[in-house]
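Which chain is which? They are A, B and C, in the order written, and residues in each are numbered from 1.
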Amino acid sequence: MIAAALSIARVKFVLEIRRREVIFAMLLFIAATIVIVHFALSGDAGAGNRAAAGMLWAAVVFTAVLGLQRTFAAEQEEGALDALLLAPIDRAAIWIGAALAQFGFLIVVQLVAVPIWWLLFFQNGGPSLPTVLIALVLADLGIALVGTLAAALALGARTRDVLLPVLVLPLVIPIVLAGVTATYGAFGEEVGGLRPLGFLALYDLVFVALAWGTSEHLLGD
Amino acid sequence: MIARPATMIPLILSSILIPLTLAMAFWWTAEDIDQGLSQKIFYFHVPIALTSYVAFGFGAVSAAMYLWRRTEVWDLRSYVGVHSGTIFGTLVLLTGPIWAKASWGVWWNWGDRQINVFLILFLYYCAYFMLRFSLDEGERRRTASAVFALLGVGLIPLSFLAVRIAETLIHPTVFSSSGAAMPNSFLLTFLVGFAGMLSLMALLISVELRGKRTAARVLELQRAARGEDA
Amino acid sequence: MLPPEVTLTECSKRFGERLALRKANLTIAAGETIVLLGPNGAGKSTLLRLAAGLLRPTAGSARINGVDATSAPRNLRAGMAYAGHRSQLYRGLTARENLELHARLHGQPDIDVLALLEQAGLGDRAEERIDGFSRGMLQRLALVRATAHHPVLLLLDEPASGLDADGRALLDQTLRAGLGIRTQVIASHDHDLPTRLAVRTIRLAAGSIA
């Protein structure tokens, strides 16, 4: 199962490296979102650590949704999804492989975006970076998992492009809540220690379990 | 009028219990020291919220049954459960501001943990309908709806936890009268209110399910009449 | 693996208001080859997809060796192949990479993919991304993909469409090689095909088997 998922994930990475369709769009989008939110919250509201934390997470989530739109695009071009469904692999491997690829894209995008965020907002020292990074990694995993599942649900819907954000955003609100809280913690605020990070891990576990159980039924017709 | 027990019993129960709750709330229980008369809405607001969780739970269990058994009736049950849950959820979002205005003078209290959770769930279950109605009728629609209904059930406790963990962002307002140290009269009224709302939910589900199943049956008969079996 | 028997029993499939296949009853014996003939929209593609387990019947059943096609276990799927109207390939990958993925997913990573491409006349385009391939070449590659893992059940939906003379020869050769060895169901517009292969014909019209 893992082997199949990794094969699928590797194919999606290779395709992205060759076509570079999604990554650049996501990079530009995350930068633009941070700038827009910063300008939108001008004045006192836009200054300070809390605002910076909020901007990062809002940008991460919206950028992720953008990337998720293209999750199964390669499979749909020539009907490769049929081949994957018929192959003697666990159906869950298809979803996990796609999710791993999305996770990878998110990490790559954030490797660029986080330093930029830092430079823009923290002239004199910033948050404790390890905490923020761990929070982002855990969050990216959760977003990739539920987002890929939602993308699979939306396959075959006429209004796929507008439907996907509607399905994904409510699901990731808890991630934003915990992620922002964890980032406040990284600034030294009292947030209950590792609880926000623990929550993100729990979120990932719950949805891996739920989605695994249901993905068997999911991708057929 | 012939009505089945599944409809008659909830109808009778809710038509007794809900007025009873009103009576108990206004004439029997004492007025709350801190919040006064506005506290009374607690006997409706919280039962409505809890009932919507029960409805979503019913929707999720039916969804699981659909994925297991693949018979259409489970899909209809799941849909009706989610639909009722959303109706009650809408009521929560409507009674919430009323309570908030009466208690704290603002239309929306971001410190109300319950209502924050409901915002998330309301958005999620509205998405359920968007998903369902953007897919053509058939296997895929039923499967996708079932999976989404099931995921929702995971979202409910996680949303609660997330809102609690995010307390530095959302300063919670603590309710004096909603803890376990409630006087008996309050608790009893609350329970009657809860039972009443559950009966109302059962009534809604029963009526809507009946309607949907009849419509499905009519469609089946029309097809058979045209000579197209199945 | 032995070739399986495919059985459709009172099998119907509805898409919204449209009944695509109506109470189909069909048994294809183990190792038998049959050709499905019929006009466009007759239900040939639907029947093949039901047999492949890619669609769930609205009523009735589609079984492979007695097992519901949609819940075919992995070892059964390992011996199945379906080629539909689309090539089921990844446009951004080369011909070789597509076949290698197919081989890996079928648990046979050692298949000599280049040799197969040579035999199909695609050897010199093996390292090219398939988004540059013509329709006919994609069809040929799809055929190679379908047979690469030595399936015992081959379901082909109008495999000759878009093929040139060489391609059609390859197809005929592939089908002949499978006679008696694997169960083959081919939907086609070629009315001579069943005669050439000396196999049974099933005619479909408006969703019903004639």
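Keep in mind that, in the parts below, a residue touches a chain if its C-beta (ideal position, glycine included) is under 8 Å from a C-beta of that chain, and two chains touch if they have at least 3 such contacts.
Bear in mind the structure is a predicted one, so any value in this text is a computation, not a measurement.
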Lowest number of touching-chain links that must be crossed from subunit B to subunit C: 1
Most extensive contact between chains (C-beta pair count): A-B
Inter-chain centre distance, subunit B versus subunit C - centres from mean C-alpha coordinates, in Å: 48
Intercentroid distance (Cα basis), subunit C paired with subunit A, Å: 37
Averaged-CA centre spacing for the pair subunit B and subunit A, given as whole angstrom: 30
Where subunit C touches two or more other chains, by residue: 55-56
Shared interface positions of subunit A, touching two or more other chains: 220-221
Residues within subunit B bordering two or more other chains: 139
Subunit A to subunit B touching residues, read off their complex: 146, 149, 153-154, 156-160, 163, 166-167, 169-171, 173-175, 177-178, 180-181, 184, 189-192, 195-196, 199, 202-203, 206-207, 210-211, 214, 217-218, 220-221
Footprint of subunit C on subunit A - complex, ascending: 3-4, 7, 11, 14-15, 18-19, 74-75, 77-80, 82-90, 220-221
Complex interface listing, subunit C residues touching subunit B: 10, 12, 14-16, 19, 22-23, 55-56, 58-60
Subunit B residues touching subunit C - in the complex, by the definition given at the top: 70, 136-139, 223, 228-230
Partner subunit A, residues of subunit B touching it in the complex: 67, 120-121, 123-124, 127, 130-131, 134-135, 139-140, 143-144, 146-148, 150-151, 154-155, 158-159, 161-163, 165-169
